[in-house]
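Chain lettering (A, B and C) follows the sequence in which the chains are written, and residue indices restart at 1 in each chain.
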Amino acid sequence: MSRSAEHKAVIEGLIFVSGEEGIDKKQIADVLQITVASVEELLVELIQSYKSEERGMEIIEIAGSFQFVTKREHAAYYERLVSAPSHASLSQAALETLAIIAYKQPITRAEIEEVRGVKTEKPLQTLSTKGLITETGRAEGTGRAILYGTTKNFLEHFGLKSLQELPPLPEQVNDQSIEEEADLFFSKFQETME
Amino acid sequence: MKYSVKVDAFEGPLDLLLHLITSYEVDIYDIPVAAITEQYMNYIHTMQELKLDVASEYLVMAATLLAIKSKMLLPKQEVQDFDQQMEIEMDEDPREDLVRRLIEYRKFKQAAVGLKEKETARSMIFTREAMDLTYYESQEEDVNPVANVTIYDMLAAMQKIFTKKLEKAPRRTTIERQEIPIETRMKQIINDIRSSGRRKFSELFASSNREHLVVTFLAVLELMKTKDVTCEQENNFSEIFIYATKENEV
Amino acid sequence: MSRSAEHKAVIEGLIFVSGEEGIDKKQIADVLQITVASVEELLVELIQSYKSEERGMEIIEIAGSFQFVTKREHAAYYERLVSAPSHASLSQAALETLAIIAYKQPITRAEIEEVRGVKTEKPLQTLSTKGLITETGRAEGTGRAILYGTTKNFLEHFGLKSLQELPPLPEQVNDQSIEEEADLFFSKFQETME
């Protein structure tokens, strides 16, 4: 077996033994005593081989760690085996609160409530209990309110590589098009009035 | 006045307003305040008639809407200018702050939908626990058996178990919350119908209690199945009348 | 993808998610709704493909159950992984088990498994080997199951004077937060009042 083929096989094994906890590039590089760049190269090949072939698992990156997961299109089969859902879904209140925190962190409760227009104590508590958010510090000024931010668990719950992978907020892409739509609507409206 | 109550979870007054704006297909940047306020107030009144606690935030928003409405009714003081458009633009629109809040809220409501999609995708993939690697550890005597593990890692592990348990729990709770037995409600309904000859379907659903509504619906279905009642409806969407079929015991 | 190729892929995934408990032919046949004979055929192919290729894992059969294990010739790498200074010495499974024993001792294996929802034989063995837990007696009643408790070693390694020094448990998950999940319209309105 060539050197790099063996390394690739070991990377496969390392990702496998790490299970749902995953393993990052640095750890792999330390074990193989090769550079992170070499690990990256082999990882790309390995990930590709699981994608292209008729395989039951694939390698994904979540929160910087690589792990094996089953393929989405086979979900129905595994549901037959595992009775409980692997992830319970969050309530609408919790999801809205989490969205605000994810995009605006660090943020205080008062600021969240300002956006939602309702009290948000309970969703915050639920999200804390589930380990999706955490206190990240205290705001400056009077009161020194608690600042909230998302956790690594948050990335795991939503299967995100990092916070950068969050879809862009509608504002950044859409606000203009909404206004354009409105303008269009009005120009049409005026046309019909004339 | 005709209005319909949408039995759905609104996440607050902003959510309700967005719903009204969407269903009446009006422009969020040019809200017809009078019309939307009327719909909003109808909703609040319905909630109160159903004897639901209306959250204070809903009432605050009602007051805000009324204030905006009255400001917009105030006559403009400036002279009719040739370029009227200019004047209006320079004047502060009393709706401005509300529109800003609605747009800000809508942004995150959409972001929440995005998160929900990610969550669903994530729930369709399965994984496994990390393998136990104790076998590979060196057997030297003085090795710390809990290296890199603190008491707080243990606490976090405990918390994770609770979360897992919680995630499994909700499926059961809604079903277990049946406090009114269907049999009891069936008896009530049949007695009610017998005493009045017939009943409007809608009259059976006067209660504001969700569980009561569900039990009532199930009770009616059960009574239809046992042929104790029959239902008649003249036209699509018209009122449904329920008649008792037998005079003997239920 | 052909029918049998998809089935083979799902078998691979099933063995993967079954972890250290493994999965037998009958269970696989039930999930795929095919005959045990067909499963056997596909299994042979799958096992062969892992043997012949340069892979990090292989599939073995233990007491009728199939599971993935790492390849023996890569042992040196896993030794390096566990001896790395960053490597946590207890797996998540072992930590969970230890936590339950610490807070609920004396406790039987069946009770631990009830809380965790999975088999716990291996973590118990690991914790015993590491001297963190020990048998403290036998439960009353039929079977007289072994009761587990933590050791003096456990206290020493976590720097505790006594069990009383264990940090308090996170707030017990209560019905309140379950109701929040239940997403009832009316409770939502009330919630916003609080």
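As a working rule, a contact is a pair of C-beta atoms (placed from the backbone, for glycine too) under 8 Å apart; a residue touches a chain by one contact, two chains touch by 3 or more.
Everything numeric here is computed off the predicted structure, so don't read it as measured data.
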Which chain has its C-alpha centre closest to the mean of all protein C-alpha atoms shown? A
Measuring between Cα centroids, what's the chain most distant from chain C? B
Centroid from C-alpha atoms only, then distance chain B to chain C, rounded to Å. What do you get? 37
Between chain A and chain C, what is the gap in Å from one C-alpha centre to the other? 24
Could you give the separation in Å between the centres of chain A and chain B, each centre being the mean of its C-alpha atoms? 26
For chain B, jot down the residues that touch at least 2 other chains. 9, 11-12, 55, 57, 126-131, 133, 159-160, 162-163, 166, 168, 170
Out of chain C, which residues touch more than one other chain, so two or more? 13, 16-19, 70, 78, 81, 86, 92, 117, 170, 173, 177, 181, 183, 188, 192-193
Which positions of chain C touch chain B when the two form their complex? 13, 16-20, 70, 75, 78-79, 81-83, 85-96, 98-100, 102-103, 115-118, 122-123, 126, 129-132, 153, 157-160, 166-167, 169-170, 172-173, 175, 177-179, 181-186, 188-190, 192-193
Going by the contact rule set out above, which residues of chain B touch chain C in the complex? 7-12, 47, 52-58, 126-134, 136-138, 144-155, 157-166, 168-170, 173-174, 208-210
Of chain C, residues touching chain A in the complex: 1, 5-6, 8-14, 16-19, 23, 27, 30-32, 54-57, 68, 70-71, 74, 77-78, 80-81, 84, 86, 92, 117, 170-171, 173, 177, 180-181, 183, 188, 191-194
Considering only the defined contacts, which chain B positions touch chain A in the complex? 9, 11-15, 27-30, 55, 57, 61, 101, 103-112, 114-116, 118-131, 133, 156, 159-160, 162-163, 166-168, 170
